[in-house]
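Paired with chain B in one complex and with chain C in the other, chain A is shared by the two complexes that follow.
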Partner chain A sequence: MSAPTSAPRSLTGSFPAEAFAQHLTSLAGAPAWWLDRQRAAYETYAGLPMPRRTDESWRFSNVVGLSLDGFTANPAASPTALTSPFGTPHLAFLNNTVVNRNAVPAELVRQGVVVTTLVEAAAQHPELLRAHFMAQPQKLGSGKFAALHSAFVGAGAFVYVPRGVEVKEPILITHAAAGAGSAVFPHTLVVLEENARATVVDHFVSADDAAHFACGANDLYAGHGSQLTYIGAQDWSRTSRSFQFNSTVVRRDARVQSLNLHLGGRQARHESLSQLQAPGAFSEMLALTVADDTQEFDQRTLQIHQAPNTKSDLLYKNALRDQSKTIFSGLIVVDPDAQKTDAYQSNRNLMLSDDAEASSLPGLEIQANDVRCTHGATTSRIDPEQEFYLQARGISKAAADELLTFGFFEEVLNRLESDPLHDVLRTLIQSQFKK
Partner chain B sequence: MKPSPDTLPADEATAVENPVSGIDQSSGNFRYEMDYAFDAGTGLTENTVRYISEVKKEASWLLDFRLNALKTFHSKPLPTHWATKDLENINFDKIRYYLSQGLKPKRTWEEVPDDIKKTFERLGIPEQERKFLAGVEAQFDSEAAYSNIKEIVSKQGVIFVNSTEGLREHPELFRKFFGKVIPTGDNKFSALNSAVFSGGSFIYVPPGVKVAQPLQAYFRINAENFGQFERTLIIADEGSEVTYMEGCTAPKFSTSTLHSAVVELVALKGAKIQYITVQNWSSNVFNLVTKRGVAHEMAEIKWIDCNIGSRLTMKYPGVVLKGRKARGEVISIALANDGQHQDTGAKMIHQADETTSNIVAKSISVGQGRSTYRGQVHIPKHLKGCKNNTECDALLINTNSRTDTYPAITVKGDRNAVQHEASVSKVNEEMIFYMQQRGLTEGQAMSLAVNGFINDLARQFPMEYSVELKRLIDLEMEGSVG
Partner chain C sequence: MSSLEIKNLHVSIGEKEIVKGFTLTINSGEVHAIMGPNGTGKSTLSKAIAGHPDYKITQGEVLVDGKSILELEADERARAGIFLAFQYPSEITGVSIANFLRAALQARLAEGEELDASAYYKRLYDKMDRLKIDRKFTSRAVNEGFSGGEKKRCEILQMAMLEPKFALMDETDSGLDIDALRIVAEGVNAMRGPNLGVLLITHYQRLLDYIVPDHVHVMYDGQIVKSGDKSLALELEAKGYDWVKKEFATASAR
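And now, the complex of A and B:
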């Protein structure tokens, strides 16, 4: 297997053609279409420039801080028992290798539920994988990094729920990184057939305090009438850089609720794309970010309404401490003739420090007139009146602030139907505050 | 110089019904053949700039300023990485950068040449002055054709002249503030304006003087392929107050016309400036304007900006809130009809404690029209007690009308509060039905609904303007339904 034409080192950084060739050798069993897509992705990656300060889709981001150097493209992995606050993972990856598997209940297997790795899925469900794997467009500005992910992705989870099947317990997947400079490419692909129901949890975590490079994607496909709840909890080490690309496709009368929790990383960018493709589709996009120290969280979202009578509801909340920085850039697009669209977008920033910085770019592009589209963005500190109210009842200022801050997050967490998941997320947020 | 008959429209004889008809698009659609005494020709080179400067007998520092600006203009790319690609359709080599009949504006209406007089009489300028304005300046292509200020106002020490006169007669004052609010390199079009500017108003209001009635300027493009580049500088000294109104029109040409103004406002301690624009350019005008004011301690700057007409308008009036407790406000109304793109908004740059700003933008998209709100709110580090409120409402009339909203808000620190809200809606069907039940046609009902949508903003205009605005909306809404 020969490597594609080599590009200047400056454009490929730690991921030169040799590293890509080495990656391909590890995928000897993968089908030809997969390898073709990866080669094409690598060409794209090597050809694209790094983002520039003047790129509108990188506005307010610390573009200078982005770097492709100093990482290990194909880090080694040794079997490790990974624990997850969500429970025992069904699939656990460490440095792009499966290190742990726990089968789903036999009853579900009998009904046709699949929870496996991408490589195995390529062998056992080739048609399904081919139709959905690396099939969604990238529209949010990270073309280069998304292509890097597509070129190097190998280990990843494939979740498939057949028609009419309901999976009650959450499907848990852990993506971990270990060792200085390790580059990981987590991938989760979820396909729900008609009227299926499932909850999938991705947990991203570092096994040590070293600086990692995470460049992941999660593609969610909700077939007609299906219901999917997706949780993405990002807790990389505080020196890591992270990119995560989400693409959600919602078909007729389907409903997807996704909640992304952002805690880790030194600089973390999350791009989320929801495509409402058929009438009755509903996408609920939720995110919580606790930023402290000098962390930078960069969140870019796009809600595309491609069919009439679709609904999307976005709520992104950021709490900023110390010298942290958050960026929220969202866009609602209503295509011509997507009448009766109901779209909402809200970004709330809670400033807990005088040195923090929050930028908000809530955007709308509407090309149909019979719609209900609103957005709002607010940035402020804890409401002094609420603080006073609590203090007047004998609660100390510190305790009052903590109560009000958690109250700020509860609005989002309460949207979850599952209490156990709610509790785990709350504990994760609290532990971040206690750090 | 009689206007040649074949360039007059058929309704030339019809009397203008409303004397304040400066914003009626149909009344602006006429032009006269002119013999210009000064013409810088077509295209933009260093010689064009030298010609303009020479005609105006300018000081050498100003020529240098212009030439530097020209370099900046050439070095800057078009901002198409965020703005519409339509900008690429401006052919800078085909534009005429300076045209005038004479340099000295006439002080009495009788002195103004007949054909220019006719133009402005059709637009109702002298009538307006007689009625209620404290001063009027009318700019015809590059230079002011007429300028007058009521004696009572000039006795208070108020200076109201065009920018050429301002430079000549008040060089110290002018130079102190000129180009300070909007530096040459602010953007490509401010650089262009700095290179070739001509005309525009220069206003100085001495400390404590409150100009009771509005000052008005009127901008008219008459020649085809012409670029109008006026430059306005308003200085309100401590504790003074002034209201300035401008109106703009141009006839319909088949080729595009460029209007690229720079407006700088300085409100010193405790001063108040209100700047009202009603722009009704014809649908071939690229209207690319940079407007910004600096509000010092306790000062207040309010932009009331109404954009109807033009092919593409890009205008984001801004306020730099430089002194403690300064206040900035932008009230914006935009109406985009078929083939038009209103890309308007506001900028609020907070630089001192306890500064407050408010933006209210309402836009209406008709037919294939596209209206865009683009805004920026910036609160830097270690300020306290700053507040911003932004509201954007868009109304979409037809099935495929388009509206966009692109705000950018940056807040540092935990002692400030910012809120932004936007909504998009269509005219309530029940409301239309209700009105139709009471005998209104669908068109009338729609017009009423649209007027209702902007009513709370239109009320902030001087009465004559708000009446005219309503009439104009009725006109634009004609044939938009059914």
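And now, the complex of A and C:
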């Protein structure tokens, strides 16, 4: 195995060639194409500069706060009992190692449903994995970090639902990090075949208060007529830095609803790309953020309509407290032949503090003429009369803010069909107000 | 027995003085009606007592059982037993009546104590039935899309659930048709008794046929200019507010 290039340390930080080589040795069983993709990704990572303040896709972000130093590239994992408010995870990862597995019901296995690790999937379902794993473009500015993810990803989940099969109960994946400086590379790949239905939950959580570095991806592929609900709940420790890259591919008449909840991290960037590839495809992109203290949440989105009669509907709501900061930058792209596109994009910010700062950069790039595209952003302060009304009933200012935040979020939470999931998300959000 | 003492209260909004030396003591068990023309400071008085941050109290005292409440935040005053039934209740998007009232009751419990959910709903439904509020309203957002009458009934519902020592009811009758007025008045009358003192602000005598006050005060230009029993309301109805204004003008000219 040839050692990858020795790029300057300033470009690789805690992830030098030796660390990458060490990572590869842990993947001894992976197929050649996988290792080749990882080597190429590492070259890309090592060759790209760090984001600069002047980069359009990093506008308003605190690029100075980004650092590649001080992390442990291949942290050790010791068995830890991980609990999740979502229930018992089907797969739980800690520091890039599987620490817990719970089989899906035998009936689903018999129907061909697969919930396994990427490495096992590479052995058991090589064609599927090769077609979908690390297969989507990266378009939202974090080229360097996305490449870092692709280079180091090893442990991750593969969820596959065959044609016509409906999985009623949510499939739960927990991705955890533990220990100071631990770098984790969570990955969830979901493939739904024709008319399949499933709900998949990713829960990102720190096992301790230490600062972690999370650089994850979730790739969702919804085949013809399928329906996927995806929840990503990010609750890393408050000192952690996180990147998460989502790619959603929606095929003919398929529907994907994704809801990302952002709570943790000191600085967290989420990039989400939806590709509407065939007529009837629909992607509903939802996000809720509670930002407090000096947290920064950076959300970049892209809705690409590549075929006629496709629909996308984005609603991102941020509640900001203290000196927190949020950035939303969204773009709708309608390809020339994507007539009758119906695209919607909305970012709403609720300011619970005068010291918080929300930036919004909505955008459209339309090359077809018969389309309906709307986008907008609003930022509003909490209404003092509403606050007084609640206080006049004996509710403290803090509790009033929490209630008003839930009131603000309700529109998004109500889009979820599942009440139990709705309740867990509420609980997670509530815990944010108790910190 | 509790008392709410308002002593020589002066309230300003910005630079403008609105309430100019208002004095009144309400003991539990009593219903005091305050009548007065529009713009005379009735709502300002009630919001200032409830602790609205925009209303600056420049002089005077408000005491509950002898203890000043002016240093308290609005929520603390509410928990000390003050309830304001708003003239214009706020609409709170996305917050259901059930969750809202639950939070209000939870706020009155000790740290770590949890509200008994089934007892809560039982009580809530019982009060709603009495006020002829459809039980479906529990899941509706507070006041959002409510008619004027529904909003006012919802204020009374909150009052019934929170059981204050003193209720400041600001034009609870406005916007109500006669049936709604009866329901609201019955609701208030049912709560009347040795544990509740009421300050009933109204513009019209009509309400006082249903909630018969122990005392009637006429407020004009930020203060009480005349007090009496319920016959004063009738006299006012017959003679109109101009009568008060004229009397007040002569009184202050002397």
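Rule of thumb we're sticking to: the second predicted complex is superposed on the first by the 416 of 435 C-alpha atoms of A that agree within 3 Å, B and C clash if a C-alpha of one lies under 4 Å from a C-alpha of the other, contacts with A are read in each partner's own complex, and residues count from 1 in each chain.
Basically, a residue touches a chain if its C-beta (ideal position, glycine included) is under 8 Å from a C-beta of that chain, and two chains touch if they have at least 3 such contacts.
Note that the structure is a prediction, hence the values are computed from the model and not measured.
**Student:** Using the superposition on chain A described above, determine whether A:Q430 touches chain B (first), chain C (second), both, or neither.
**Tutor:** neither
**Student:** For A:Q367, select first, second, both or neither according to whether it touches chain B, chain C, the two together, or no partner.
**Tutor:** After superposition on chain A, A:Q367 lies in contact with chain B alone.
**Student:** Which partner chains sit in contact with A:T88 here, chain B, chain C, both or neither? Use first/second/both/neither.
**Tutor:** Neither partner.
**Student:** Can you tell me whether chain B or chain C touches more residues on chain A?
**Tutor:** On the superposition, B touches more of the residues of chain A.
**Student:** Under the stated touch criterion, which partner chain does A:S78 make contact with: chain B (first), chain C (second), both, or neither?
**Tutor:** Neither chain B nor chain C is touched by A:S78.
**Student:** Per the contact definition in the header, classify A:F408: touching chain B only (first), chain C only (second), both, or neither.
**Tutor:** In the superposition, A:F408 touches chain C alone.
**Student:** Just chain B (first), just chain C (second), both, or neither: which does A:N349 touch?
**Tutor:** The first partner, chain B, only.
**Student:** For A:S67, decide between first (touching chain B), second (touching chain C), both and neither.
**Tutor:** Neither chain B nor chain C is touched by A:S67.
**Student:** Would you sort A:R59 into first (chain B), second (chain C), both or neither based on which partner it touches?
**Tutor:** Only chain B is touched by A:R59; chain C is not.
**Student:** Show me the residue ranges of chain A that touch chain B in the complex, using the header's touch definition.
**Tutor:** Chain A reaches chain B through residues 54-56, 59-60, 336-337, 339, 349, 351-381.
**Student:** Which residues, counting only chain C, touch chain A once they are in their complex?
**Tutor:** For chain C paired with chain A, touching residues are 50-54, 73-75, 78-79, 83-84, 86, 89-95, 99-101, 103-104, 107-108, 141, 158, 162.
**Student:** Which chain B residues qualify as touching chain A in the complex?
**Tutor:** 81-82, 381-382, 394, 396-426
**Student:** Going by the contact rule at the top, pick out the chain A residues touching chain C in the complex.
**Tutor:** 383-386, 388-397, 399-400, 403-404, 406-411
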